[in-house]
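Shared between the two complexes below is chain A, which pairs with chain B and chain C, respectively.
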Partner chain A sequence: KLNIGVDTIQHGVEGLVYLLTESSKLMASIPFLDFQDSIHVLGFSDELNKSLLQLYLDNRKEIRSILGELAPRLPSYHSLEWRLDVQLATRSLRQQIKTAVTMKLHLNQNEDQTAQVLQTDPATLLHLIQQLEQALGEMKMNHCRRIVRNMK
Partner chain B sequence: QRFRFCGDLDCPDWVLAEISTLAKISSVKLKLICAQVLRDLLGEAIEYDKILKLTSDAKLESGDVKATIAVLGFILSSAAKHNVDSESLSSELQQLGLPKEHASGLCRSYEEKQSSLQDRLRACSLRLSQLGSVCWRVDYTLSSSELQEVNEPVVHLTFNVRDRECEKMTAVPVTVSANKFRVLLAELKQAQTLMNTLL
Partner chain C sequence: ILDDPDLKDIDPAVLKHCHAAAATCILEAGKQKADISAISTCLEDCKLDKERIEQFCTEYQKNKDALEILLGSIGRSPLHITDVSWRLEYQIKNNQLHKTYQPSYLVTLNVENSDSGSHPDVSFSCTMEQLQDLVGKLKDAAKSLERATQM
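Moving on to the complex of A and B:
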């Protein structure tokens, strides 16, 4: 429809994509006016500059959220199945009472689902819970609070 | 405030928030939606279009429809999980602000399916592997490269084990001599007697 070669259009699209992603990426260091100044250098018409600016402003939040998703990720928690068993007897020994908690930890990593099977006795489980609660408790300490406040 | 259907814990905030959405649907339609949600919990296919039709009168947005299904799923499965009877469930839901007719309709659907729901939850519980079947064959060894006259019976067993993680059946073949097999059988019978004392 535009009567231009495929290559030119591809380069044009790539150029626009680069312009928008780079501007969105560096958003914090490019306040409102600087975007205009930066593209002014390219020597387009004023009207084109205005529509580019509008395109940038309209889409930058979405572009930023998509760029945020692209960062490499560690496996993250999906779900945890558990069961509580009591071992009453084995081939070698009868009249036992041995409790065990068996868990299946489901993890997500970039659309892959993996599962890890773990088993522990109640004492270790309590210790695990205590450690995790301590970790959560760190968030309420002054040091963490100061950092969170400064980030906001 | 503690609720039995939440496992004697506080009711989650999101459940509390969705109770008002449930109240927007008529109690008759809510009971029908419950039936659909129960189908999903029991592993049958859920008919989403029917639910959309039932909620169209209440003019719910698509987010609200999904929230309704989620909260009904939670209430029904959590009540089954903690073995709550339908009367207690009804009174607890009313304490949360669900109107009486809605609560009784929901609880009637729950009561009908409570034991099937619990059976299903029991079947879905964590299990690492499961014995599918056992095949056996008794052979009589006449002779071997080591000894000319062997003349001994031998049992071939194949255990078909289903690995819960990858849903695959693995065949585990085992060959047992007659004496070893007798020991194995005796021990397993002891284990069976122990299991029977617990039933």
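Moving on to the complex of A and C:
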């Protein structure tokens, strides 16, 4: 329909994609001016520059969230199921009362969900809770707050 | 036992039989959590004299707890969590995206296999909200445990 060669269109599309992803990645802190200055160098018409700017502003957030998915990642937490078990007997020993908490930890890794079955005893459970609560508390400490505030 | 100087005069085959018999007896007693009177009665039926029965029972009594712990630890179970470590980090940028500014936690659960083969620890990352969810669920489990023990 446009009567231009396939190659030209491909290059055009690739160029646009590069422009948008690089801009979104760097997220120029003063979006309007920086973006405009950068594309001005390319020597397009003012109208084209305006459309490009609009395109960038409209899609910036979505592009950033997609790029965010590409970063190296460890499996991330999805959810946890738990249940209480009491072991009453085994082949080797009768008449036991052994309490345990059995858990299923659901993790996400690159769009796959894995589930791992784990177990722990009551004492370790309380220890885990104490340690992780301490971890949560760290975010509220002054040190972390200062860093978060100053690095924006 | 085969190297013990006190026992060198006895035929090794007989020695082995005795050892096996004693071991079986002790393990069965341990498994069933038998009390002293039950063991004595059993040994009387086997025509052992009083002195020997008393010696056996005393030794058994001394080691009973250790035996129970040993027997209790045999068996399969899911990976057992022994400890947890965590790390709080604040991401500034990565090669796909600059200025990310995101705090995240890295949690590692140290696990142990009942077969004492080592197993890699379970690690995962999570946001503050996700960690709060996890801790909330663990606290629910702990509360249920408390309620169950009070019943």
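Basically, the second predicted complex is superposed on the first by the 145 of 152 C-alpha atoms of A that agree within 3 Å, B and C clash if a C-alpha of one lies under 4 Å from a C-alpha of the other, contacts with A are read in each partner's own complex, and residues count from 1 in each chain.
Heads up, the rule we're going with is that a residue touches a chain if its C-beta (ideal position, glycine included) is under 8 Å from a C-beta of that chain, and two chains touch if they have at least 3 such contacts.
Every value quoted in this text rests on a predicted model; they were computed, and no experiment measured them.
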Check: Once chain A from each complex is brought into register, does chain C clash with chain B or fit beside it?
Finding: fit
Margin query: So in the superposed three-chain picture, is A:62 touching just chain B, just chain C, both, or none of them (first/second/both/neither)?
Written below: neither
Note to self: I'd like to know which partner A:129 touches here: chain B for first, chain C for second, both or neither.
What the structure shows: second
Checklist line | Touch count on chain A, higher of chain B and chain C | finding: C
Next item on the list: Name the contact category of A:115: first (chain B only), second (chain C only), both, or neither.
Entry: first
Next item on the list: Please state, to the nearest 10 degrees, the angle that the Cα centres of chain B and chain C subtend at the Cα centre of chain A after superposition.
Entry: 50
Note to self: A:82 in the overlay: touching chain B, chain C, both, or neither? Say first, second, both or neither.
What the structure shows: both
Next item on the list: Pick one for A:70: touches chain B only (first), chain C only (second), both, or neither.
Entry: second
Check: Is A:102 in contact with chain B, with chain C, with both, or with neither (first, second, both, neither)?
Finding: both
Note to self: Contact-wise, after the overlay, does A:91 reach chain B, chain C, both or neither (first, second, both, neither)?
What the structure shows: both
Notebook entry, point to check: Upon superposition of the two complexes, what minimum C-alpha distance (Å) separates chain B from chain C?
Noted result: 8
Checklist line | Overlapping contact positions on chain A, where the chain C interface meets the chain B interface | finding: 82, 91, 94, 102-103, 117
Item checked: Contacting residues of chain A [partner chain C, same complex] -> 24-27, 64, 67-68, 70-77, 79-80, 82, 84, 90-96, 98-103, 105, 107, 116-122, 124-129, 131-133, 135-136, 138-139, 144, 147-148, 151-152
Margin query: Quick check: in the complex, which residue numbers of chain C touch chain A?
Written below: 30-33, 68, 71-72, 74-75, 77-86, 88, 90, 92, 94-101, 103, 105-107, 109, 111, 122-126, 128, 130-135, 137-142, 144-145, 148-149
Notebook entry, point to check: Quick one: in the complex, what on chain B touches chain A?
Noted result: 125-128, 165, 187, 191, 194, 198
Next item on the list: Note which residues of chain A are touching chain B in the complex, please.
Entry: 81-83, 88-89, 91, 94, 102-104, 115, 117
